């Protein structure tokens, strides 16, 4: 079965988004970030020593998994009902709330996605096919004011250049982005009112339940031993958040 | 933000991927161009139809669609290619379709007189091609082939969209690491230009070699 | 030998709806020198091109050396010739073109040796020796290694003649071989052809507007008009005493245009 | 009128390092019909093209109708002519080319009226009336609305002559105007030129390889060789009794090639 | 993972919406390219050596580097020097600039395709330079250019997916967005391919007609 395949190959390939602190790839090509680090630890325990990563746009991750380009996704791809239907998630790993990157002082007072629907000139940036885009569309933000931003750096740049009024990503992603940019004229507004807290899990292909289940077993052990917290907390994530919920609840949450 | 040497290394690694894609893509394109180009003027109708269908399809749809199709849809039929293979295949087949028209055009551009002389000298079909038509058609193809090679080089940039770590992709990585947009993009613009200069110099050299002796006095 | 080397019977040729050769029949005896003259568009080039199999026959029949050119026997029935049959038949015939059609990427020597080496499997040294002989004959022994682009028009045409001769055809076709040449260069080519006519017993068919040369060269003249032979006979008769009106008008115009007959 | 209409003095022309016209001097009287003959490459075309200002002069001086062609007065000094001066001088001269050079996108009538309407500001009705007269003269009255591509070579060349005449030049230059034509079509063009020569007092310079026509047409023949005049005189003398060796050789070759002299 | 007709039908309107943007971008881009190409062609012919050289270098540089990187540059770097273009405008200018370098070549080819004898005949009938251009050269130079220009128009059409990289919601971007929300690539990508092919095939038929009508035949 799949796990045996991975074991005999000695390596597993995951999809990542290169969006610190969830996932990152440094100038030497080394993969890091909370999600890959957790995945690496679990796979090592499963007897798969090497973890490789492909950087893929968020929207393309599930198709890539289906197209067998990667073995799993460990990228902060939050659980949602449609996604749970398309892939097999592990138990939750990283949890985060949604946030907005806005000019200092939040001059237009954005607090929820609905605020962008009511303000007829407000333009919101979000990654294509991501949670934020979905939430914004559901809140009634019209398509032409919801700009599909290809990557965080572009979103930051577009905000700095005044092309968009706010850029939405999970809290920790924006914190990291803001810290790197060293731009004193911006701030992070978090959490977005009315937006749920989301958690990701490592996603596997449909039909590979045994692999997912084996992963879950080792993940639970990792959480129990406290090693889990040691891995993710330096990145700013809360281990308690992941422990206090489960896949079933998250997959049901709209 | 100080690690510029590291970032430059990253971009140069990407440049190496770009070079590999270009070289392998060109090789594939060249082969495909000759096969399809000669197929288009073959005496057998089915061969002509096949060649025409290939050429029109690959020239008619966008390379993006071809790339995404090869990368995301083809694996569903069981043929999973590595990003590099997918990139080379898409680029080679796409540029090859354009090259095929160049090959056909060049062969047809050899004056009909030459073909008639070969009939009068009783050469066989293959001998006509091999000894008379192709040697004269080749110099006509080379300048356009050079342009096609540069088009292919530029086309490699879009493989970054299927997350192959070519030069453009690495520039994006550097950009997200450093928060600086200008430097990585300017760097790769210059690198692409240098590569295209290398190609055009190379092609000019090949052209000179191929036309040596021809029109000796001109 | 009594049997004609070329036998054209009711030949037809149409391009689209345009009938260019229209029920043409004539024979050529072995060794005969034939001049084909006639107004522009009358089909002279077309008949030569059909003999060279550069154009297919639309109807009728052509025989060369006793065998049909465009037909062959297959399972007892006569069918259209395939490429193999044409390939075999072309061995009998050589052709020299108005625009020489030398291969520009090959030296003079290679132009001449290419076909013998490829088609008759001659060895290179033998082919080259014969090529040099032929070059000698056309007066270009020193140009063996030149490229065609380095030759004058008259020299090119002489090389083209040597190239056709290298295959030792029994029949040679010449289509206005001097009309693309500067007047000064015409003579050197005609000189070669005259020599060829007198020194060999090759059958030669010549299309030309040089009436003076036709007269001197030919045993017999065919006057073409609209795809048929309108008048034929020995040159002296045709040129001095044409029977047909059409022939007379044509010759008058040619003379008025400053050509000597 | 005593003053020559064209005066060439020590004219020089080089292409790169190749000297093509080399210290050439001659005069042409008003109304004179001059034939320029000589071997290929001797510079006949080049001198006509210089007179038409299609080529610049490399050295020496040419005067047309008493004024320098490539020079003009400016602040008392003589300087190289500017475009305005050339434009003025070109009014005196018309030229007919070997390959007709009709404007393929314009009808026969428009080909002829274009220049008069644009350059001399003639009104369209007047220009068209004159164009029709000229077409009548060259025997093409019914072709006014045809496009050039619908004409035969001879017809094209007659239109080209009409086009040049429409500007009423005092000097007409003809460069091998029949050598791109089928032999049958040569006569109709020469006919027109003969008529032009006898019916007008236009000065005409003619480059030709048709020795028969040159003899009939010209008052005087210039024999060119390597960029200079090697022999000149009345046609009868030059053709029957050439003094120079070079002329004799040339004529002998031309005759051998089947041309009537 | 089979083909789902219901899904295909459901996403068609969105893709057609994208097609509209694609076509608008192509037409506007071509407009820029036609004008700018002429400017390049004229500047390159300039008798001022420096102007001609500098233009030549710019043209070569633009042509030797990928449009994708140029688009990134225009969209993300230019704001640093105070030029902030809307996404579509940036895309149109980027594509227009890139293809202007190709159009410049078309202009040159068209002008050179006019036989030298035409210039000489114009001179011999004493037309001025301006009259020669207006009445003799341009009417003959433009028709052979039309097929080549239409060809590049088609090429631009097929390159519009690049604009998705700078947030223009053209057809490819819409398709990706749809694919991302529904995790299905087969239908959107195949349909985008089909739409490209349909528009291309129609254009190619039009192009053949243009070629027959205006193209020069050797």
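Note that the chains take the letters A, B, C, D and E in the order they are written out, and that residue 1 is the start of every chain.
The definition used in the following text is that a contact is a pair of C-beta atoms (placed from the backbone, for glycine too) under 8 Å apart; a residue touches a chain by one contact, two chains touch by 3 or more.
Per UniProt, the chains are B = Ectoine/hydroxyectoine ABC transporter permease subunit EhuC; C, D = Ectoine/hydroxyectoine ABC transporter ATP-binding protein EhuA; E = Ectoine/hydroxyectoine ABC transporter permease subunit EhuD.
Quantities reported herein were computed from a predicted structural model and do not represent experimental measurements.
Engineer: How short can a path of touching chains from subunit C to subunit E be, counted in steps?
Structural biologist: So the least number of steps between the two chains is 2.
Engineer: What are the mutual neighbours of subunit A and subunit E in this structure?
Structural biologist: B
Engineer: With chain centres defined as mean CA positions, report which chain is farthest from subunit E.
Structural biologist: Farthest chain from subunit E, going by C-alpha centroids: C.
Engineer: In terms of CA centroid distance, which chain is the most far removed from subunit D?
Structural biologist: Measuring from the centre of subunit D, the most distant chain centre belongs to A.
Engineer: State, to the nearest whole Å, the distance from the C-alpha centre of subunit D to the C-alpha centre of subunit E.
Structural biologist: Comparing mean C-alpha positions, subunit E is 47 Å from subunit D.
Engineer: Taking the mean of the C-alpha atoms as each chain's centre, how many Å separate subunit A from subunit B?
Structural biologist: Taking the average C-alpha coordinate of subunit A and of subunit B, the gap between them is 38 Å.
Engineer: Report the inter-centroid distance (CA atoms only) between subunit B and subunit E in whole Å.
Structural biologist: Distance between chain centres, rounded to whole Å: 20 Å.
Engineer: So what's the Cα centroid distance for subunit C and subunit D, whole Å?
Structural biologist: Distance between chain centres: 38 Å.
Engineer: For subunit B, what residues touch not just one other chain but two or more?
Structural biologist: Expected reply: 72-73, 76, 181.
Engineer: Using the touch rule from the top of the page, what residues of subunit A touch 2 or more other chains?
Structural biologist: If we look for residues of subunit A contacting two or more partner chains, we find 57, 60, 63, 66-67, 157.
Engineer: Would you mind giving me the full set of chain pairs in touch?
Structural biologist: Every pair of chains in contact is listed here: A-B, A-E, B-C, B-E, C-D, D-E.
Engineer: In their complex, what parts of subunit D are in touch with subunit C?
Structural biologist: Residue positions touching the partner: 39-40, 178, 182-187, 190, 209-213, 250, 253-260.
Engineer: Can you list the residues on subunit E that touch subunit B in the complex?
Structural biologist: 1, 61, 63-70, 72-73, 76-77, 80, 158-162, 165, 172, 185-186, 189-190, 192-193, 196-197, 200-201, 204, 218
Engineer: Looking at the complex, which residues from subunit E come into contact with subunit D?
Structural biologist: 115, 117-118, 120-121, 123-129, 131, 135-136, 139-140
Engineer: Using the touch rule from the top, collect the residues of subunit D that touch subunit E in their complex.
Structural biologist: 52-54, 83, 87, 90-91, 93-95, 97, 99, 101-105, 114-115, 118-119, 163-164, 167
Engineer: For subunit A, which residues are in contact with subunit E within the complex?
Structural biologist: Interface residues on subunit A, with respect to subunit E: 57-60, 62-63, 66-67, 82-83, 86, 128-130, 133-134, 143-144, 147-150, 154, 157-158, 160-163.
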